[in-house]
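Structure record follows, encoded as structure tokens.
As written, the chains take the letters A, B and C, and residue 1 is the first residue of each chain.
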């Protein structure tokens, strides 16, 4: 029983992290029509920058500084790269972000080497949060959930309650009209792309030390995020939320269960499960759970 | 004109979310007739075309083609049953030549389907048919020009050409003369007249001259409902239609023409 | 951008290609060159098959290695059975085995992946690729786990006196299949399916309205493409005598995408150029520097931004100018721009290589180039290379402006002449 509870909590915290990543991806896709292949790379950058900053100054400054830095990089990328490619169409944009993912990974190799770095949970957050019937639940997991929820609520408020949020929402479907009304839509795009990058960076700051920080982390979580976006329905935040929690719990349970199915341990099959889910969904419900916008 | 219906719409409804666009349209288009659908902007004319041709799904109601139900079938299924449509916003293959564009319209009906074992250059019947169509739409001398570089009027002609290339028995033309000068319009009217000889034509149009010139019968669509259906004379003298659509301008014309007045 | 072949006489082109294939090992002698040529031949088939999806069908796939890799796995098992005497299949026919396997998986996975188009299709292809990769590691019985399955290509009976042990024999086998595959894939572009695939790429909606099920077209295009991918996988298996998880990895899929794009997606022969350049890049460059993948990535990104039609488009763009006899006017601006690019490159490489020396544990921090040595721990080399880089960028900006000005002039003149 306690196992089930603890794993559910773990699954939810992992799912929330995944949602932090997939929501940023979905927002950028909904607004700009471009799927940022390098989104998971910004996640990785966030983790590495946080590692660097926290080993020099501390974790808490890193929590603020790293996402800001990643966001700035995102804005530069949009201004000097993506904007140039926009005129060549969606495929070219996707290829650009694909190449960018390569570049960021190689840059990380360049600066930090090829093995994992020792990015640790800070001492004040290390330890049990509470006990459920004998099993301990770590503080840091609770912290992760807290940060995820806080960030998502902030974004929701920013989009629906502020003026810039309304502009973004309008530009979502009618960018030319919004521009004709005098808003600087290219600047809005830059802010949104940078914001998405910052969100991914923040996920990296809090996820990098809970899991592992290594050059392969982008390639490990990237495909999962894309599966979430496809399963949830391209462009649907609600769908991404459901799919994130679903896959987060699925992965967590699969890895920790000790069952065997036809000679193969479920834990071994765990990596494949999200893709199997995607395939099944495609066969029976191609639009995704709550599909809105065609890719 | 026979009594069989080429296209029949039965209590058609279409809503986008809570917005109701088509609100109970029932219409019968007789085989071989030229039928025009007119109405103010936003009345739902293009939506009607999209419903009939399978681009949109109906919210409720039925569509019959030659008596056979085609409601909510996919566009290619409907096309294979003999209904073809053109688009208001030119929808051609910009990166292909005029000849290749028309050829795309010919391939399926010529029976070549998904063949990957036949050299397309050697298919004489396909070539003949495509060249015949290009002649009829007057683009034969522009055969190898990239469709994206044609003039607007040429592209509209190509649009019609692709639509009729497959030999469909029911042709839907969505504002074929939109944005054209008088001469261009006259040419398109003649083109439409000749290529729809022996076929059923349903046409959305704003140019009243074209409508009264070509149509055997006219339906007036206002706010998603059919206000009236009838011959041009009946429509012209229908008070409700004049009120809703033709307006004062036509009252004067009618007064001059045959002495009747609203 | 259409697939109009340049009408210089098809026989001349194909004949020359065949001659080139036959003569290449003599034009570039040596074992090292032979390995490169063989790899190029295999990648040409793979890249052409990839372009059946992207260039001709408008389908961007991030998981094409699935079909070549699974084709390779089936081939390696068949080859091992041939070696044991259980099966009697001559080595030259093995690529058909790989092709058949690729085809079967194309049908299997293609059914699912082509249910959606565009960006979604790309993501699904990525997911399927990851799934297959994960499965390969999960079933070591068939896939041999991390180490993979190895084989011996000369273990079975010889074919017409050829054992296919020597590398030169393998090269000619690859060359033959490459030529056949090129011809077949080109022929496919001239069929109803090939043309409608182009139509679906350009305007899938209109294709539906002229009676074609676009999903079915994309499915068939994918199945045919996976057949050729399987052939390339089989040749890779024969060449390297080992098949491992790397054959179905995202890295392989990414690699063929890069190669095809760099060569030029809108042109049939683009991937051929891309495959040659890519193999050269990897094999030659990786010997010189650890940062070769970084350089490749930069090259790719720059091409996406500035030359999305690939090297092929850059070459073809020059032809109208050459025919008009005005290319000489571009020679100097091009040369100056090239020098500026070299300068920029020098600065960039210097910095990148020094960063590598610093971050890599256990390596010397000294960069030796052209007889000079720079210690990455001291400050001066950084300033030097940074200055070179900045100077190069400024020069590049100025020279490229001159190039585009001159280019613009010439284009205007050509257009005026055409309209007259």
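Simple rule for what comes next: a residue touches a chain if its C-beta (ideal position, glycine included) is under 8 Å from a C-beta of that chain, and two chains touch if they have at least 3 such contacts.
Since this is a predicted model, take the numbers as computed values, not measurements.
**Q** From the Cα centroids, identify the chain that ends up most central relative to all protein Cα atoms.
**A** The most central chain, going by mean C-alpha position, is C.
**Q** Need the most distant chain from chain C, centre defined as the mean of C-alpha atoms.
**A** Here the answer is chain B, farthest from chain C.
**Q** Please compute the C-alpha centroid of chain A, do the same for chain C, then give the distance between them in whole Å.
**A** So the centroids are 31 Å from each other.
**Q** Please tell me the distance, in whole Å, between the geometric centres of chain A and chain B computed from their C-alpha atoms.
**A** 48
**Q** Which whole number of Å gives the spacing of the CA centres of chain B and chain C?
**A** 46
**Q** How about chain C: which of its residues touch chain A in the complex?
**A** Counting only chain C, the residues touching chain A are 54, 58, 60, 62, 112-113, 115-124, 126-128, 130-131, 134-135, 138, 250, 254, 257, 261, 291, 293-294, 296-298, 300-301, 304-305, 308, 352, 355-356, 359-361.
**Q** What does chain A use to touch chain C in their complex?
**A** Per the touch definition, chain A meets chain C at residues 29, 35, 81, 84-85, 88, 90-92, 94-96, 98-100, 102-103, 106-107, 109-113, 219, 223, 226-227, 229-230, 234, 264, 268-269, 271-272, 274-276, 278-279, 282-283, 286, 294-295.
**Q** Residue numbers of chain C touching chain B in their complex, please.
**A** Touching chain B from chain C are residues 1-2, 187-188, 190-196, 198-199, 202-203, 205-214, 216-217, 220, 224.
**Q** Could you please specify the touching residues of chain B with respect to chain C in the complex?
**A** 53, 74-76, 79-80, 84-85, 87, 91-97, 100, 103-105, 107-109, 112-121, 123, 146, 162, 165-166
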